[in-house]
Amino acid sequence: MAKIPVAILGATGAVGQRLVSILFNHPWFEPVALCASERSAGKPYGQATRWILPDPMPVRAAAMRVRGCAPFPDPAIVFSALDAEAAMDIEEDWAKRGRLVVSNARCHRMRDDVPLVVPELNADHLRLALRQPYPDGGAIVTNPNCSTIGLVLALKPLDDAFGLESVNVVTLQAASGAGYPGVPFMDLIDNALPYIHGEEEKLEAEPLKILGRLSADGSRVENASFGVSAACHRVAVTDGHLEAVSVAFKRPADKSAIMRAWLDAPVDTDGLDLPSAPKHPVVYADGLDRPQPRFDKAAGNGMSATMGRLRPCPILGWKFELLSHNTIRGAAGGTVLLAELCVAKGLVRGFSPAGIAERAPCGEPRREPEPALA
Amino acid sequence: MAKIPVAILGATGAVGQRLVSILFNHPWFEPVALCASERSAGKPYGQATRWILPDPMPVRAAAMRVRGCAPFPDPAIVFSALDAEAAMDIEEDWAKRGRLVVSNARCHRMRDDVPLVVPELNADHLRLALRQPYPDGGAIVTNPNCSTIGLVLALKPLDDAFGLESVNVVTLQAASGAGYPGVPFMDLIDNALPYIHGEEEKLEAEPLKILGRLSADGSRVENASFGVSAACHRVAVTDGHLEAVSVAFKRPADKSAIMRAWLDAPVDTDGLDLPSAPKHPVVYADGLDRPQPRFDKAAGNGMSATMGRLRPCPILGWKFELLSHNTIRGAAGGTVLLAELCVAKGLVRGFSPAGIAERAPCGEPRREPEPALA
Amino acid sequence: MAKIPVAILGATGAVGQRLVSILFNHPWFEPVALCASERSAGKPYGQATRWILPDPMPVRAAAMRVRGCAPFPDPAIVFSALDAEAAMDIEEDWAKRGRLVVSNARCHRMRDDVPLVVPELNADHLRLALRQPYPDGGAIVTNPNCSTIGLVLALKPLDDAFGLESVNVVTLQAASGAGYPGVPFMDLIDNALPYIHGEEEKLEAEPLKILGRLSADGSRVENASFGVSAACHRVAVTDGHLEAVSVAFKRPADKSAIMRAWLDAPVDTDGLDLPSAPKHPVVYADGLDRPQPRFDKAAGNGMSATMGRLRPCPILGWKFELLSHNTIRGAAGGTVLLAELCVAKGLVRGFSPAGIAERAPCGEPRREPEPALA
Amino acid sequence: MAKIPVAILGATGAVGQRLVSILFNHPWFEPVALCASERSAGKPYGQATRWILPDPMPVRAAAMRVRGCAPFPDPAIVFSALDAEAAMDIEEDWAKRGRLVVSNARCHRMRDDVPLVVPELNADHLRLALRQPYPDGGAIVTNPNCSTIGLVLALKPLDDAFGLESVNVVTLQAASGAGYPGVPFMDLIDNALPYIHGEEEKLEAEPLKILGRLSADGSRVENASFGVSAACHRVAVTDGHLEAVSVAFKRPADKSAIMRAWLDAPVDTDGLDLPSAPKHPVVYADGLDRPQPRFDKAAGNGMSATMGRLRPCPILGWKFELLSHNTIRGAAGGTVLLAELCVAKGLVRGFSPAGIAERAPCGEPRREPEPALA
């Protein structure tokens, strides 16, 4: 079966490597280009990259010659794992060339016409993309910050069921969230850091957009109005963000109702058969001392957020702990799931889940009348 | 100069070792007995103990023969680093023999007639001890839990200045808080644990007693009435508890007023010249990413709590980070400071700071009319 | 297909858990009993065990009720993950009842009539078991120490090709080698320990038996005669023993000949189709800074030893680094592979790889005339 | 008392910070300039530096404005903590201006006319410096690599007593040896690395020069002739290099003779009263599991090397473990001690230990006829 040709921007970095690892074994997508800075361009990916994942580098990736990040015709979807600075212009350049950019960078997330999407929660926000000023179906869609994703997976069902009033979240975040080389060993061994640059701002802002409501005409998102306070820490963990969350609700809740909200609520990806969608976006770990990075980061192949220790909070009402894998669900895996959603929703011209086999050959003009979600 | 003879209960454990390290170099106290379980009794301390501190074991301690924990006449003060289970009866046995027990164990802390004291904050609570049913000046006084001490050092000045309404605290606690051997390496390396047995309960209860008011007749403490919510975590750090704190005040506050409250407020130990009292019980670290265990645990020889990152909280009003050394200020050092306060307040019959030189020889009948604080 | 009924002794410990994890998904073996100390006996395994593996506990294991370690009729093979002290008598008790004991404990390894076997290297040593004084095919066979296995996988092909004269090995061993709870966090974080009790002795003795020659009559092993010097360290790693090895040969060698010896030499498990046998017992990692626990411990599903950095040694001739997974190849996985070899060699009465389906029902008298290897 | 004006090159780096920490509290030396790359030049040191030491930055250092590394008149001694690449020319530039450069960089160490000195061991090698082609007493003297220093402190007394034939050393080196930021957290947590770039070469070459003999005319060093084989590893430790050493001697040795050689042998710094000289360059830790970074790195204020576990080696004869602090004795502290030796030996024109008080004012022409050691 023919697949959708994709490129990976920032392919040599920490998130880029996760994308490579996922996309070279993906049923829908076919990496046709690995792009990085000019310094790496021209080298085989296997030489240009200091591979940091425990699983070995895909053999086909190793042999592929790295390209620069400027647009070229081949890919239909461009996955961006670029730094925010680099991403700002490059992602737009690709959108202007009619490509769908699925980005993990923060720079376009809060733009009014850019959807910030967690596929299970606010798939309808993708309609924003139709308002973007790019030709030929070009668009930018974005994935939230790694510490935001786990949090909103927990919060959305609670907001739907009980109405969120306020949220206090204190994070214990893994080192891989800082990329590679990232945090020096000497800074974090036998230590903990009470600060991550820009993180609290993102964590206090992004949930309000994701849990906001799309206006009737699909032109903008009205932010949710609950309050969020975040305190972010880096701890001596490789992968897996742990978050201590307290919530105040507008309506009464009890433990079993909260559990039902998490475990039984329908999600926007139900019925879409997206390859990366976890069976359960939210799971609950029963042990007294769970969730933990060691045991729970791999839940749902790294795509589920694990809740635990749900208990009353003397101040806000309820509190719990949550864990999610920051470079899978919180970055590369989340981005891939979002791209799958875009395909399912008809945002990638010429491709649909059903029609991947009959698509126009890579590089040819693509002509699809209108995305299904318009 | 003659010193006050003291014994250390639980001397071979993690907190006991810190006590040994401090007390063998103390200007007022002279360890005359190192006590531990019957298994260790009779052996030289140097053989019975798996020493875990970076500083070498005091030479005199190494040669001392370990005794059991049952009372004997020599010491005037007994420092208890026993587990709560063992401490319950043994501490009372010593008090019944007319000794002052200064305890780090949790078992008697919440008893109505037992003072739970941080010397800088609520020295007046020591008067409770006069109500205890022990003869000859015997008494039990207690030091709070390791995660409580740093917190109340931060909260008391704020309560005095602005009136506390509620407090949310999320901890990142060091492994040494679990004693030795404590947490297995495999449980904590590359991991974080969202649970410490009994810790949240202590952290939600003890501050209310410490910041409570002694009734006019000195017979009991009326607990403070603000709310506390705690979520406790173990992180991969040897020493130094980091806490993310949010507070709501009854009266308006601004950043400079909060800083003044922390740094300028008088404390109960002012003017007492206690050897272990830090010059500043509260210090403030200016760096964006401070306080950290690595840099700040040793502030004030491990006896100061370090604040940092004071900033507005969208939910409760203000938030900040704090760090304190859990086995020095939070255990052994705090216990020693409390014993010094007891001496200064006349609770140790026959001894006063001024009169340490003229005290009756160790073991003789001690006859001091009335404690000064009565 | 019916499987061979097996029991696991010491099933709640660190190695026992690995055995549970492997054996509940094994094509030949069916765990019919999980045995542990009397303290655990009677409880469901899921309650009696503090599970420490990242992969979840098998559901069927969790529900199984733990038994004591005294013999009972059901199992045909008994896997022992007991401590040496407990293993000494219990393993013999099982052998006296006619069972095959496949043991990871050290206590019987050096007995003249007990084979100490790495299946790829000295399968013929199993004949020793026929000399054991147990009825009904009862026997004890043993797996080497965790740091020995990787080393002999590297040394045997070199001894065959060039004749070993002397071996110097310095280990950097993982914490899981000490079992659970094992090493306290405080002892190993930001530290390294230059001593592991009894380890150097084992590492200097076991290779000589494993690489020794079975006498013509199969009654004993003549130890190999090269010298071994070991220095053992514990480092802050969960799984994966790294070893720095220098070797002197009797005959000339060059790099490509050594590589061929490692990668091309036939092994005793060739053609046996043992389910746990790695495709390549020895692999070579090309990177300048390999092998590493992080990247190489999982080679061959944790059953391959990874070599790297082969280079001349100014003192002994050649030196290299090797890594093997200490709780898989070095313990549980190695034990299971050894049991598979015993089945293939006819040491388990009533069972053969071909005939697993037609075996006598569990618990019935087993009557197989003579093992094939006799 | 007036002190000798000194500059620190590379003052913002990891070793530079240790130098700052030591030299701002030194009885002989007065830092008059902190030099770094042009990027930092002009900024206050407190701003230009990401301080990584637990002890606070000296207040006077914080306020000092950073200068570039090109020569200027003020300092009499220049401490170089530059990278080898930068050091090559800059150190010569300073020597050409008549300054004594005491360098921790590797680039000039193996030059025939450059002394490579451990003050206790080969102080006489300083005479080489008189042959250097620099005017006005300018010279370059060098400190060995961090893993070499501990090793040669152990080897020299053994060579003197028993005659070294060969040495096998396997290191477990701390992360701080790679400077700052150095090793990424993700590379080393729960891991060990069997390779450090260039380290084995240095460790196999430098001891031969240090333990070599100065020719009669003082013009060159005849290298020692024993063989050295090194295998170097990075482990998850902040400070403190641990080394497993095996040695073959020419003459018979026994345990007590080796201990006497280490502990009683005279050293070249005896009687010189150098402020940084440890009382015992070599100490022996008795514990079964010593030396360890945690307990032993601070021996002799970080200037002593600690031996332990001396025992027979079946291959080479004897083996032991050693530990030394890699950024104190192995870098900054060793450099300072070397500078003190140079002063004591009259290599710094115009200054002698006795005459530090009467020295010519800083910046004036310095005119001392001939160094005492010529």
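All chains are identified by letter, namely A, B, C and D, in their written order; residue positions are counted from 1 within each chain.
Basically, a residue touches a chain if its C-beta (ideal position, glycine included) is under 8 Å from a C-beta of that chain, and two chains touch if they have at least 3 such contacts.
All values reported here derive from a predicted model rather than from experimental measurement.
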Practice item. Give the chains in contact with both chain C and chain D, ordered by label. Key: A, B
**Study point:** Between B-C and B-D, the pair with more C-beta contacts
**Key:** B-C
Review point. Of all the other chains, whose mean CA position lies farthest from chain B?
Key: C
Review point. If you average the CA atoms of chain B and of chain C, how far apart do the two points sit, in angstrom?
Key: 50
Exercise for review: Let me have the rounded angstrom distance from the C-alpha centre of chain B over to the C-alpha centre of chain D, please.
Suggested key: 43
Revision key, fill the gap. In chain C, the residues touching two or more other chains are 189-190, 236, 238, 294
Review point. Contact residues on chain B for chain D in the complex?
Key: 54, 189-190, 294-295, 298
Review point. Mind pulling up the chain B residues that touch chain A in the complex?
Key: 166-168, 170, 172, 190-195, 204, 227-229, 231, 233, 235-238, 242, 244, 246, 288-294, 308-309, 313-316, 319, 321
Review point. Of all residues in chain D, which touch chain A in the complex?
Key: 52, 175-176, 180-190, 236, 238
